[in-house]
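The two complexes that follow have chain A in common; it is paired with chain B in the first and with chain C in the second.
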Partner chain A sequence: MAVSDAHTRDMRPWALLSPALTAITLLLAIPTCFVIVYSFWLRTAAGDEQVGFYLDNWIEVLSDPFYRDILLYTLKIGLITTVCCALMGYPAAYFIAFSKMRNKAFLLLLLMLPFWISYIIRTMSWINILGVSGAVNYVLQSLGIVAEPIQMLYNEATVILGLIHFLLPFMVLNIYVSLEGIDPNLNAAARSLGSTPFQAFREVTLPLSLPGLAAGSLLCFVLGSGTYITPIVLGGPGDGMFANLIYDAIITQLNWPLGSALSIVLLIVLGSVVLLYNRYLSLGQISKGFG
Partner chain B sequence: MDDQKRYQRLLERYQNGDLDRRTFLSLLGAATVTAGVVGAPVAGLRRQALAAKPDSVRFDGWGGVVSEAFREYAFEPYEKETGIEVVDGTFGGADEYLARVRSAQPGEFNVAHLSGVFDYVRYHNLGFSTKLDESNIPNLDLTIKALQEPFREVSDGRLSAAPYDYGTTGLAYNRDVISDDEIREKGPNILIDAAYKGKIGGWGEWKTRIWYGALQTGQDPNGIADMDAVWEALRTHRDLALKYWQSGAELMSLLANGEIHVTEGWSGRIAALQEQGHNIGYYDPPGGLGWQECLFVLKGSPMEACEQLLNFMLEPEVAIAVAEGQNYPPALDPNKVELTEKIKNLPAYDPTGKLDGLNFFKPAYWNSHEGDWSKKFGRIQRGY
Partner chain C sequence: MTVRGPTGWTFIKIATVLTYVFMFAPVAVVMLLAFNASQFGSFPMTGLSVRWFVELAQNDAIIRAFQTSMILGALTAVISTSIGVCASLAMVRYDFPGKNLLNTALIAPILVPEVVLAVSLLLFLQFLSMPKNFVLLLLGHVIFTLPFVVLVVQARLVGIRKEYEEAALSLGANPFQTFFQVTLPLLMPAVAAGMLFAFTISFDDITGTLFWKPPGVETVPTQIFAMLRNSISPEINALGTVMIILTVALPLTGAGLARWLASRRGG
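Right, the complex of A and B next:
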């Protein structure tokens, strides 16, 4: 009887996990296997696939500096975006976490508001803000600060701006949850032992909130490096990222095998970042970011 | 194997002595009873299945005012007359739609409003074409023959699509900044004129970019001799351009907001901007690019229902309403159908119905270079 109960208890986590595992297997693992198989096929002149085991796509992707350079550019954009999000997100999260406001929930609601609007629409909104006929130029011209409208859109800076707009809430939420979990007595103890407010922050609050910062950074980096919408909407001719190459290969060139190889490369690179994070900081921190 | 063959084999086995008379007669009797009991109803069901109408036909197009015109003038009367529902979907571009069709089961997508002969060839080569029974589409006779012929050449004299409208991709320019004289003087080279750096746009599509690259280097776009010169022209354009636009809406927004002053553009979209009161000029340079759109019936579709739908969509009333909505002339032959004044004033409209003045992509030439050139353009676009 006791053995049976133990067996039931052992199986319970699997039973609870089975819907998620089934979904992941059917919707992620198996399709990824298909993509891997596809990457070894070839595109024919007619746009169809030649089934077989060919290394041509992999040799091209791994040996051609074009793909390497775009990948490095993508990682650079992802990194800059992440650093900007961290610098902007930390003060915001700190303010929300330690605010004496009665309706702190209202601040959190404001933070969540952008998620109610489509990411594409949020990205396109910058055209009306920064465009030649946009709000910023209108104000500058109305105040006589500039005579001619300034060209602000369609460059690397606006791509980063669009990504920050998209990713900042993820960063703030993660840091906020981390800060919320810090025992306020620790800060008070540091102050009572003679620390200045800044020393207390540097020695107590900041180290304890680092897991949240790291979790937010991971999410921002992975999501930012995998995007292709923002460069299309806000980028200039040369501002494409690695995901845009995948889009070009699969949609424009109808070269699904090459697009599959590129997809796997991006998956491996971003997956490696996640694994590195897990090795040193543990993925469990991310779940805290969502409360 | 049919019943007659089964009987002959059974008889052969009996005559060879493999079956005794009792077994032979028993099997024959059982087969007769089975055929009598089941055969007639099954045959009836089969006849019914063959004659059955589909519940719905799926149509995919570019959306917007065109879709509304189709719904009002073609789909609703069609549904009323046939009882078949038209499910209308939209797509953002021909490439994206082809990717969706390739991932779908035959019959999932039925009729599509596709671009040009180039796409017709692509769909045909990938095995998505059908053979229309033209006797079911009497309105096909009203369309310009010059628009049908390129399709027939691709698919052995038969049609898998009906031509529907045509237009041009010419030079669109802000007349507050660029005069009509200047655009005529510089022609396609205005797109690589350093004086307009940061105010030049361009469609981020490899065929159009290469076509204009050929014109800028003084070559025949349908027979380019010096491809390196074309690539260099594309690089020059890329370095001067502010933005490669991806859709008609984006083209209109860039021009209307003054983000760019010159680009190549679609005649209908520029006509729409002019209608809205924007001071945008349009010029088809010598060697400028013409194209046509068609209603393509995809493999696996219920043919009779689709042919009937095509006939509804080719009704002059419908085709004219759609043409006025999207600002592209219809494929209707002006010698056979009286077109409206608005259509006669549209850019690219040809009153002769022969389309001799327009240059089209030569399908065999462009399709044979698709793989290499689209890939190379992708690299140039990214700064290489």
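Right, the complex of A and C next:
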């Protein structure tokens, strides 16, 4: 009896996990492996796929500087976005964590709201602000500062702006979670031992909040570098990022083997960032934001 | 406390206000312009009107997109939450070998860039000769929302004590009775949170949806995306406003309901 009881107890978690693991295996693991295989196939001029082991896609992707330049450009945009999010997000997270306001719960709620507002709406909302007949041009013209509306949209800067707007809540939330967990006595101790408020911040609070800052940065960088919607909506013709190449290859040109190779490149590059992060810090930090 | 000098704190306060303005001003402008009487979706405001909402309600394409999004979101929420709650129970309640690895596997769909997830699933199912159809879209949404459900539900489950179930079992309830009469009622807030989360993510998703959707089928986000190709019309702002109200009001109502249920049970 005891033996069979121990046996059933062992099997129960696996029974509970089996639907999720089946879904992940069939809908993620196997398809991803399949894309690797697919990237070695060839698309013929006639538009058919030739099954086999061809290195053509890989030679094209790895040797053509066009792809390398867009990859580097994408990482640059991701990095700028992440740094801006960190600079803008830290003070806000700090304020929410340490403010003694009565309405703290309300501030937190406001912080969560953007997560519930659609990405496409938040992205397109900038057209209302910066467009030729948007709010900024309207104000500038009404005040007589400019006679003709200025074209501020559809460039690299507006792509970055849209990405910051999309990703900032992830940064604030992660920093907030980590600041909230700091024992206030530590800061008080540093102060009573003679450090200035800024020293106490630099030596105590900032280092202790680094896990949250790192988790927020990881999310901002990976999500920002993997997007293709923002460049389409807020960028000009030359502002496409790496994911735009994938979208064009798969949806527009229907060159699936090439799109596969490009997907694997993006997966390896952004995947190594995640792995590198997990090697030194833990992915568990990210799940704290959901608590 | 941790308050830095008065100047430092003032700086932080101003920066926070600016951050909140930055986050919400564009969204507020969308909602404001939705009520603009002018026939252009832009400034100046020529008067207040609800004509764009009326036009939305008469636009067949938008109504269809809305229906698709609602059905897709609801099905995704039910499937994803059922799978996710089971997996979360296993992760929170049991210890078994390979648990850490499995925890990473469960959140893997958000560690993979969404474009890559979208391409993989699309190409694999097309290879299996499955046409682009609603099922592909649904499967995509389920796999993409699953990690979020698992994270949210796990966070809630940690707070539910195991003793209640053990008490029920020791008082003679069978495992089946225990689950439906003790575990499930205690789980309900976690289930509701998971479903809301899955619904909202599915309802908002565009990155994967543009790859998976069959030709001619639009969800609300892809419909907005398609409409943006022309120019920004007041209708888009009105549609955006409806979506904002829906996706913001839903979790708020859910949270309020959960609090009310909890207070009733407690009292």
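The definition used in the following text is that the second predicted complex is superposed on the first by the 268 of 291 C-alpha atoms of A that agree within 3 Å, B and C clash if a C-alpha of one lies under 4 Å from a C-alpha of the other, contacts with A are read in each partner's own complex, and residues count from 1 in each chain.
Methods note: contacts are C-beta pairs under 8 Å (C-beta built on N, C-alpha and C of every residue); 3 or more make two chains touch, one makes a residue touch a chain.
For clarity, every value in this text was computed on a predicted model and none was experimentally measured.
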Chain B versus chain C as contact partner of A:34, first or second or both or neither: second
Which of chain B and chain C A:106 touches, first, second, both or neither: neither
Touching partner for A:127 - first (chain B), second (chain C), both, neither: both
Touched partner set for A:251, first chain B, second chain C, both or neither: both
Touching partner for A:48 - first (chain B), second (chain C), both, neither: first
Partner chain in contact with A:260 - chain B first, chain C second, else both or neither: second
Residues of chain A touched, compared between chain B and chain C (which is higher): C
Residues on chain A lying within both footprints (that of chain B and that of chain C): 127, 131, 133-134, 250-251
Partner chain C, residues of chain A touching it in the complex: 9-10, 12-14, 16-17, 19-21, 23-24, 27-32, 34-35, 38, 88-89, 91-92, 94-96, 98, 100, 110, 113-114, 116-122, 124-129, 131, 133-135, 137-138, 165, 168-169, 172, 182, 184, 187-188, 196-198, 200-201, 205, 222, 225-229, 233, 243, 246-247, 250-251, 256, 259-260, 263-264, 266-267, 270-271, 274, 283, 287, 290-291
Complex interface listing, chain C residues touching chain A: 1-5, 8, 11-13, 15-16, 19-20, 22-27, 29-30, 33, 40-44, 82-84, 86-87, 89-91, 93-94, 96, 102, 104-109, 111-117, 119-125, 127, 139-140, 142-143, 146, 148, 150-152, 154-155, 200, 203-204, 206-207, 210-211, 220-221, 224-225, 228, 232, 236-237, 240, 243-244, 247-248, 250-251
Of all residues in chain A, those that touch chain B in their complex: 43, 45-48, 66, 70, 127, 131-134, 149, 151, 153-154, 232, 236-238, 240, 244-245, 248-255
Interface residues, chain B side, partner chain A - complex: 93, 95-96, 98-99, 102, 122, 125-126, 198, 202, 204, 206, 238, 241-244, 246, 253, 257-259, 368, 370-371, 374-375, 378-379, 381-384
